[in-house]
Each structure stands twice: as structure tokens, then as C-alpha cells.
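A, B, C and D are the chain letters, set down in written order, and residue numbers restart from 1 in every chain.
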Amino acid sequence: MKRTERPKNWAAWRERLHVIIFEADTLAGKTFDVLLLIAIFCSVLAVSLESVQEYQKDYGTLFYVLEWVFTIFFSLEYILRIMAVYQARRYVFSFFGIIDLLSILPTYLGLFFPISGGLLTVRALRLIRIFRIFKLGGFLNEGNLLLGALYRSRAKITVFLSFISLLVVVLGSLMYLIEGQADSGFTSIPRSIYWAIVTLTTVGYGDIAPATPLGQFVAALIMILGYGVIAVPTGMVTAEIIQQEKGAAPSTQVCKACLKEGHAQDAIYCKYCGEEL
Amino acid sequence: MKRTERPKNWAAWRERLHVIIFEADTLAGKTFDVLLLIAIFCSVLAVSLESVQEYQKDYGTLFYVLEWVFTIFFSLEYILRIMAVYQARRYVFSFFGIIDLLSILPTYLGLFFPISGGLLTVRALRLIRIFRIFKLGGFLNEGNLLLGALYRSRAKITVFLSFISLLVVVLGSLMYLIEGQADSGFTSIPRSIYWAIVTLTTVGYGDIAPATPLGQFVAALIMILGYGVIAVPTGMVTAEIIQQEKGAAPSTQVCKACLKEGHAQDAIYCKYCGEEL
Amino acid sequence: MKRTERPKNWAAWRERLHVIIFEADTLAGKTFDVLLLIAIFCSVLAVSLESVQEYQKDYGTLFYVLEWVFTIFFSLEYILRIMAVYQARRYVFSFFGIIDLLSILPTYLGLFFPISGGLLTVRALRLIRIFRIFKLGGFLNEGNLLLGALYRSRAKITVFLSFISLLVVVLGSLMYLIEGQADSGFTSIPRSIYWAIVTLTTVGYGDIAPATPLGQFVAALIMILGYGVIAVPTGMVTAEIIQQEKGAAPSTQVCKACLKEGHAQDAIYCKYCGEEL
Amino acid sequence: MKRTERPKNWAAWRERLHVIIFEADTLAGKTFDVLLLIAIFCSVLAVSLESVQEYQKDYGTLFYVLEWVFTIFFSLEYILRIMAVYQARRYVFSFFGIIDLLSILPTYLGLFFPISGGLLTVRALRLIRIFRIFKLGGFLNEGNLLLGALYRSRAKITVFLSFISLLVVVLGSLMYLIEGQADSGFTSIPRSIYWAIVTLTTVGYGDIAPATPLGQFVAALIMILGYGVIAVPTGMVTAEIIQQEKGAAPSTQVCKACLKEGHAQDAIYCKYCGEEL
């Protein structure tokens, strides 16, 4: 009797664990998600502050203790996730499964190898885990709308990015030709391409800036070009958002007679064959 | 008789004071508001110029006198406001009540404590009081339209800002990993996050700029990303403003006579057949 | 006979001069405008290049001769304009009359007074005269459309600029408080306000940049704010241009019965009183 | 017999060559285009990396060999193109014909003349050849849409660019007057115009930045102006894209049966009553 009951308890317990960890609809699940969110946020804050040398000097031990507290907490969470999930393998090799592992691994590796800050800083990337929390609120709708606008514009975006890539390579090479001899930072084509991107996006650091009159003339042309070019993605995204808000996107209805799509939201009859929708 | 009359006069005087100070519809009220506007503006100008060391040296006494003139004027105004308002407590603890107090307090505190410029500069914040003047003109309508567009976009803005925050933390950490060893200013994760914000918003000071080829490559990707990302708030606000101006979106009313739709929100008669709606 | 004919000839000659100089519809007028455009352009180019010290050294005499050639040409043009115009006084004191005078005066003044480059450089402002040429082509329509969009948005633009002005003064003062002690360029409130404008408009020179962690934090907030704020004018202008292209602006028709305006372009009956339009 | 057959073979072979090189519809043509794309990309990558001095030192020989491999490959391609095309002369003097020649010439010239890097860097411009590949995918549609939007806005863009040009010349001259004496980089009018462009496009390198209070004040005004000016191209392009997507604007057709309008351009049957349009 005991032997049959134990598995039963185990299944029930596992079911409960699954609800808490993976479902955000119940109170327990919501509480868990919020706690996790706070833990991730605090842990990233600790990693960030630890990278400031003054703080590292003064509060080194505190950061060390905090890091282990967070690591053990996240390790427990990782183990519980594996236990709660129905197909452990699928979770472990999923995007978030790998991120979860990567967010605890560096601390353990730091035990065995005397590694420099580099690997340890990878811990900051655990902030990516916060994206999981987005299933929490009503954010999904708005986020989906934005993603949808980006997704539908993907063809235009691809063309645009290809065009920008070609443009910066050609302009970068041109500026290397013009400014290469001058002592103005255009020391190689890759650096000149980097400059072209910095300029075309209107970021303009000024670490590399044309010094010769001809270089400044070409740079001015590039900037005015960038002026117009920046208008294109804005226009595309704006048009998408407007279309979307209108709900003017065609309905997903398919005509029963001719099987064609693309009917307006208010259509009663198929515009291709005249059949009632 | 005198005893009953005095309160009567007092009430009438207070009523008049209230009209002048709090209502902008009458000539007296308008004049008061304009005078106050000029006083606030001049006082902020004086504080600003006082912070310039050369002027401070040459005209120090003038600034001192001016400051006291403005402070006494604003103090009188503060006392009159308390007297004129029906519920003094409510005014004192209101947003503008506190701002009004904060705009005169520093000068008085400067009398008793030998305080540095810091506290005195708080006086510049009295410019916030100017917002009160906005009740003056027809500005409110336009301002409300803009605020309304922002307000209705708040869900999208929240998602967008959350996304940007995550992005800059992740990108900042990544750049710290890449550029941390180079002598290019990425000395800590918070500074790298600051750099990521400076870059993504296309401000690009250049006080921190990647120096390694890999760092410049990632920075270039971030800039091109920022190129697209900057399009999103513009698109959202534009869509809101357009929708709003349509307001303007035709009502859903259908004419009883000709069954046509598309009438303006304020239409009383059908614009196609002249029938009452 | 001769005495009466001469005035007649004079009037005809003056008429002809007026057509050539002030009217761009005839071939002669068009040719004159194009020649003038080229002369203005070349003269400004000469002034610009003259300001480059190397060129000034090598070709000083050439620039001197060129300047006098252009000045004499423009002087003749100025005299002819006065002669051709019907009301000489009105032209002389008009906007373009003053600009025309200002574009020749500096060279003559340079004869009598040993003036530095300052006054002579005013000559570059003669480029403003080019705006007169815009009457030439079909540019006017497009220019008017753009100006019209700006004009109809003027109330919103005023609110927006007032808001921006307040924002940069408040933010500038705040940053002066935070960064005033640090050696990062925030030496006075006006300079800090200048920095706030440089940052909010995403120009970002980097000549003044926050150095303290708190300053960088506040600066980051300002930049993200600027991110959203930059969307507002874009949205407003876009909405105006779209509305304009639609011709969706209400018709200028006034109802004969109730005298109300604001009817749609396709309205047949007054939407307020039902009367036929 | 052989003599008649040979030309026949030759014509067939030439036909086949033409299909492979100039038509992207067949598998052979597609493969050729993709291989060419990769070769162009690799060759530009090699030229770019060769310009980095460290790499040049270490892998100089490798780059030399690679360059000759690519040059010979492109030379063969050039010869084959001339052979395959029906009118060799027309191809040789076409835009792409000249680009193709320019992309191989520098390497050969380098054999005979001891030329500096300048001429050799021209090889990077061979990336322009990649544009030919655009005939490959479905990119053309999207690219045409974007180009179409730009093309239809050309009148507005011309007015806008003229206005910007005048603005930067006038503002540049003004700033030269104000800042010319200060040691802040405004050493000549052309440089000041360059600064005005850098500022108005919000690039803001900071290599030239106003130092005097008056200069900073005027610069601040220019930036706020740029704030509004940047909205104009964005608004124009956005309006174009929206109009285009509507394209999409409902047709003006009216249903014969129910007299309703608003049908899509491709509608064959009325969407309200099902009658044929």
C-alpha cells in the first residue's frame, strides 16, 4: 500500500511544483515568479556593483557571500525545474534551460579555476532570464503587437539592412581612401566602416572624425544622407502600427467556396467569388 | 455693527484676492499671472547668471539684492495664497504649495547656515512654478492632446521601456566583458550600461568609446539596432496623434433614412440625405 | 515732341526692367534670375574660401578682385531694382530690400574703415537672397505644403517648445547641482542648460559629459526621456502631412442656413441643420 | 560539315553561358549568382582586413595570393560576360560593365606601377557589384516600394535639401562670426558649415564645439531647430509609405446592386451584397 501511495504523492507533489514554477495564473505561481524576478534583479545589481573597483575593495566579502546565496538559490530552482518538468531533457536543452544553467555555472567554475573577472561577469547575462517573467502581466499583448509590426515589416527591414550594410562598406572604403593618410583615426577599412555606422546612425562619438576638407565634405554628404535614411525605418514601423491599430489588417477568414483569404473585416460576401462568408 | 462688518469686508476682500490669484479669467487675475510669470522668469535668470563665476565676481552684490527682492516678493505671494485659499491646509500640502515653499526656503536657510551653492541652486527649480501659468492660454487643449496621446500609449511605453532597460543591461555587461581590459572607459558594468544608453539613444558623447575591433563590431550592431528601436516610440506616438486628430474618427451612427455611415461625431443631420440622425 | 517721348520711352524701359527683374515668367526674367542665382552662389563660395587661411594667403588678390566684381554687380542690380520698382521706398525698406543693401554695404565700409574679418563675413549672409529665387520653379507648391503643415501645427509646436524649454532649465539646474563640483564641464547653470539641450536633442558633443555615477544615472534618464520626446514633433508633423495629403481637411463650405463650417468634402447636406449645402 | 556545326555549337554554348551568367531563374544561374556573391564578399573582406596594419604584417603573403586568386576569377568572369552578352559594347560601357572592369584593374596596374595603397583600396568598391545580385530574391519588390516612396517624394526632398543647404551656409557663417576668434575649431566658414551639418543632423562629433556663451546659445537654438527639421523627412517618407500600403486605398467602384463603395482594388464581387462589380 505504502509503495503505491508514495508514487501517487510524488506525482501530486510534482504536479503542484509544476503549477508553481511554470504557471503564472495561480497565486502560488505568481508569488514564485515575483520572488524570482526580485532575486534575478538583485543578483544582477550585485554583479554590476561588484564590477565597480571601489565597491569591490570595500565590500568584497559581502559580494562574495551574496553571490553564493544567489547561486545556491538559482541552483535549487534549476533542480526543481528539472524535477517539475514532464520532459526534463526538453527543458535542459531549451533556450531558457541553457540560460538557466549558464547563470549558475560561472560561480561553480570559479571555485575550481582561478579565473579572471571575465567569466564571472557572464553572470550578468542571467538578466535575460527576466524575459521569462513577461508571461506575468498584460504585457504580452502589447509586446506581441510590437513584435507583430516588426515581423510583418521583416522583408522591408531585410532590404533596408542589406542596403545600409553595402552603404557603410562602400562609404567606409571611400573615407579610408580620402582620410587614410591624415592622422584622424581612419587607420583601416574596418575602422572606417565602424565610423560610417557611427555617423549614419547619428551617434557620432567623435573618436574618429574627418580632418581633411575633402573628408569633411564627404562626411557632410553622408550625414545628410543618413538624415533621409533614418526616416525609412521610422516610416515603415509607423505605417505598420497605424495599419495594425485600424484592425485594417485583413481578417483571417477563408472563403468556403474559393478558399481565398484576405477579406476585409466587415466583408459579408467573398470579394473573389461572391459566396457568403 | 463694526464687528459684523469687518468679517464681511474680510470675506469680500478674501474673495477678491482669490479671484486675482487663482482665477485667470478676469483682467486682474490675468495681470497677476503675467507679472508672476515675469518675476519667476527673471528670478531664474538671476540664479542662472549668478552661477557663472565671472558674473558672480563682478555683480555679486547685485545678485544678492535681486535674490532678496524676489524672495520677499514670492514670500508675500505665498502668504497671500494661504490667506486667499479656502482650505489653507490643502494648498500648503498640494504639489504647487510645496514647490512654492521650496522656491523661497533656500534663501532664508542661507541666512542661518553658511551653506554652499548647492542648496541655493535649488532656487532654480522654482521654474517649475511656471507650469501653473499654463492655465492662462489656449495651451491647455494642445497640451492635453499631447498628454492624452502619451497616456493612451502608456502600456506600449511600459513594455518598450522594460525592453530597453533589459537591452542596455545585457549589452552593457557584454561590452564590459569585451572592452573591460582595454583602456577605453568601460571600467565597470554600470558605466558600460551608461555607455549602452548613450549609444542606443544616438546621443554618443564619445567619453566612453570602444577601442578593440570586437568592441567596435558589437557597438556597430548596437547602433544599427538602435536605428530600428528609435523608430518604435516615434511610430507609436505618431499613430496615437493621427488617431486622435481623426477624433475625428467617424461615429458608428447609421442614418435611419439612407442607412449610410461615416458621419462625424458632432453631426446632427445625415450629410448624405439631410435626415435627422 | 522729344520731351514727351522721352518719358514715354522711360516708362516703357522701366516697365521692361520691371518685368526682367521682378517677374520670373518671361524668358528674360528667368535668365536674369538664373544669372543672379549663379552670381550669389559664386560670391558666397568666394567669401567662404577666403575665410580659409591657406587660400587667403595664396590667392588673396584674386579674392579681393572677385569681391569687388561681385559688389559692383550687386550694386548695379540694387540701383536697377530701385529704378524698376514702382514704389522705391517700399522696396528699400522691405525685408529683401534691406538684405540686398546689407549684402553690398560691408565691402564699401571696408574701404573707409580698417575693419577686421567680422564685418566682411557678413557678406556670406547674402546667401539669404537666394530665397527670392524660389519663386522660380514649382518649388513653391511643395514648400507651401511643408510650411502649411508647420503653420497648422504652430499651437502644438509652441506648447512643445515651452515644455522643452522648461525641461532643459530644470534638468540643467539639477545637473549643475549634481556635477557642479566634479571637473566635468558643468561650471555654471547656463552651461548645464546648454548640455541638457545637447543631450535631449541627441546631438551629444561630449565637450561636457557627466563624470559622477549619480550624474551619469540622471543623464541616462534624460536620454531615455529625450528618446520619447523626439517622437512628439515627428508624430505631429507626420500627422499633419498625412492629413494634408488626404485633403481630409474639412471643406471651406459654409452652410447657407446655419452658417456653420467644418463640413466634410463629400457632404451634400449640412450636418448641423440638415439644409442642402 | 564540321565548319557549319562549330558555329552552331558555339551559338548554343553562348546561349547557355548567357543563361548562367545573366539569368537568375534557372538553377545554374542561381548557383552562379550565389558563388559570385560569396566571391565578392570574401574579396572585399580580404581587402578590408589587408588594410589593418597588424594583419598586413603577419599575413601579407596570404593577402597577396588571395588578391590574385580573386582577380583572376573576376577577370575570367569579365571575359565570359563579354562573350555571353549579345552586344559586347553595350555591356562594356554600361554602369555594371565599368564597375566590373574597375574591380579588376587596380590589381593589374599594381604590377606595373609601384602604387601606394590608395589605388589598391579602390578594389573595395567592387562591393557595389553586389547590387547586381539583388535580382536574385523577392527583394526587388520591397526595394522598389521603398525607392518608389523616395521617388514620389522627390519634389519635397529637393525643396527640403535646398532649404537645409541654405540653412547650414547661413548658420555656419553666423557661427564663424561668433566663434571665429575663440579657439574652438571654427577656423573657416567651410569648417563652420561642416559643424552646422554635424549639429543639425544630430551627429555631434564634438571635434568642433562652441566655447563662447553666445556661440553655445546660438548652437542650442540650432539644435532645437534641428529637432523640428528632422521631423520633416520622417513625416514625408511615413506619409508616402502609408499611402502606398493603402494602395490598397479602396477603389472608387460602386456596387451596381447595393450602391456601396469602399471595395478593395482586387475585388470582383461586392463584399456587402455579393453582386458582381
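Simple rule for what comes next: contacts are C-beta pairs under 8 Å (C-beta built on N, C-alpha and C of every residue); 3 or more make two chains touch, one makes a residue touch a chain.
Since the model is a prediction, treat every value here as computed from it, not as a measurement.
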item	value
Self-contact between copies chain A and chain D, residue sets same or different by half	different
Identity of the chain that, by mean CA position, is farthest from chain D	B
Selected pair, out of A-B, C-D or B-D, that shares over half of its residue contact pairs with A-C	B-D
Pair with more cross-chain C-beta pairs in contact, given B-C and B-D	B-C
Centre-to-centre distance between chain D and chain C (centres being mean Cα positions), rounded to whole Å	31
Geometric centre distance via CA averages, chain C-chain B, whole Å	29
Inter-chain centre distance, chain B versus chain D - centres from mean C-alpha coordinates, in Å	42
Touching two or more other chains - residue numbers and ranges from chain B	52, 190, 193, 202-206, 213, 230, 234, 236, 238, 242
Complex interface listing, chain D residues touching chain B	52, 202-206, 213, 234, 238
Residue numbers on chain A that touch chain D, as the complex places them	155-156, 158-160, 162-163, 166, 169-170, 173-174, 176-177, 180, 187-190, 193, 199, 202-206, 209, 213, 216-217, 219-220, 223-224, 226-228, 230-232, 234-236, 238-239, 242-243, 263-264, 266-276
Touching residues on chain C, where the partner in the complex is chain D	44, 47-49, 51-53, 117-118, 121-122, 124-125, 127-128, 130-131, 134, 138-139, 141-143, 145-146, 149-150, 157, 161, 164, 190-191, 193-194, 197-198, 201-207, 230, 233-234, 236-238, 240-242, 245
